[in-house]
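Let me give you the structure first, and then I'll get to my questions.
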């Protein structure tokens, strides 16, 4: 499940337009929730002091991340098709909460209710370390140098619509 | 005066609002004679570096000739410079190096053992055992 | 040494010094040799110093300048020569126009938008905190930090050094130029920083000084904002200030220093016409004889809880509760009726929705 959209926001890098990075074949993108079922989030909105005190839990590759506005998210991989300065629309949100209220929907909250955006701030690596592997019937340890990629996202927009 | 102000500087959050690329300058040093610069010379000759530079408009590419092994120096906005040796690398590998290091922030590499790094206060506050009714508290 | 004590009549005016924030007052720069027919006839003002603007064709050949332009995502209407002018603080070196005017313009724009943001978003901030917050957002140190983060370099090499290293002459147009040509040739001792005359004079006044470099960076940042206004107009400038300056995290809750919080809270409640007296009540405790006692105190006004504090002694808990009550009042931020942020006076269709603070309390 990887439902984030990467868009080259005109503000950051006008030259590139990136395609929607969706690699979940089975799961269809969240369909628009019918109006009758649409949740009324006014209490959440008022309690969050105009979206100032708001947190959200979004999922990326099915891994939950609890964020507020201005947080840095350290992803232990290189985000596909993303470059530094790109804007990422995070649209798989399971929970939105204010100090007193929570709205939670495991299958994903309708995209119209909130806005959660991040910008790709840094694509870097973890510090160098070595992994040792021992094979059977071999006396020697194999040493593998590891310096995995890291992507840092900065949450720059979290608000209720 | 009832209340005095303590001087505090506001904290930069690059990426909230505007994003400014931390790497602002790349110095490309090559040698016109040595064999270790072959890849870099090719990169310069066939216009690939021009392509890279035109894609990365915010970065100033400073190209100069000097004897010795070729070197890339990445200058970041935290006054740090990262030198990368590109001796005996081919054009493609050098391009990858440029791609990789120009996307860094110049801060030393570190592994953050949590998924999210936050400078905000917790929205929900911190749980306190003192705020439950006395009858519900844990008895020792 | 003069040791005699002279008893002088103290002037009455000095006894009650009110600290006021000085605002920008236009002052003529004597080095510009401005001539005018009469002081109030501004149209007759003429500077007699020879300056010329950098041709756009020259400016576009300076790679750091072009890179800075695109790094900041400035609109194409923003000319490179203006950007180069914004980075020039030297008045006499090569006859190029300097950033004096752009700096003033940028400073005024910045102070307007920052003040507007703070006054509307935090209408109850006490005056000293408001001033501190303005400094925190657009003070010299902060602007220096911003200028650094924009990757602006300083032009420090002299003409001779540039010639010897075969450096292109266009390079310097994209760099911050504030070091005069004579001082570039001065012998510098590594690790020793020689104060300039301005820095020494500022040192005498308040025992701290602003380094010339810091001031230069701040001035360049202000000038870039001023230049944006001249080329792209007010909307773009506002967006730019919001993106680069108002998006920073402002640690307001760490900026309060109360001298007598309890008294202040009582005065505040008086001012707000609360009829019930302010009381500090103990909400919970771990027990006085416990190894590490913890008390939770609340500041109440009748049945309303104004603030709550946790401390390891009764007085600590009490003070914290009172401070929290004060902070929750001062840091109040209004929202509009539909739960969105209140509009700013400079926004379109602005209708007043927020509140106006009742002024500071005196104790």
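As written, the chains take the letters A, B and C, and residue 1 is the first residue of each chain.
By our rule, contacts are C-beta pairs under 8 Å (C-beta built on N, C-alpha and C of every residue); 3 or more make two chains touch, one makes a residue touch a chain.
These numbers were taken from a predicted model, which means no experiment stands behind them.
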| item | value |
| --- | --- |
| Chain whose average C-alpha position is farthest from chain C's own | A |
| Interface with more contacting C-beta pairs, comparing B-C to A-B | B-C |
| Centre-of-Cα separation between chain C and chain A, whole angstrom | 34 |
| Cα-centroid distance, chain B relative to chain C, in whole angstrom | 27 |
| Chain A and chain B, separation of their C-alpha mean positions in angstrom | 20 |
| In chain B, residues with contacts to at least two other chains | 13-14, 16-18, 21-22, 119-120 |
| Interface hub residues of chain A, defined as touching at least two other chains | 11-12, 70 |
| Touching two or more other chains - residues of chain C | 73, 249 |
| In the complex, chain B residues that touch chain C | 1-14, 16-18, 20-22, 24-25, 57-62, 75, 77-79, 119-120, 128, 130-131, 134 |
| Residues of chain C defined as touching chain A within the complex | 73, 249, 333, 335-336, 338-342 |
| Parts of chain B lying in touch with chain A, wherever the complex brings them together | 13-19, 21-22, 55, 100, 102-105, 109-112, 114-120, 123-125 |
| Partner chain B, residues of chain A touching it in the complex | 11-12, 15, 53-55, 63, 65-74, 83-85, 97-99, 118-119, 121-128, 150, 152, 154-156 |
| Residue ranges of chain A in contact with chain C within the complex | 11-12, 42, 45-46, 48-52, 70, 160 |
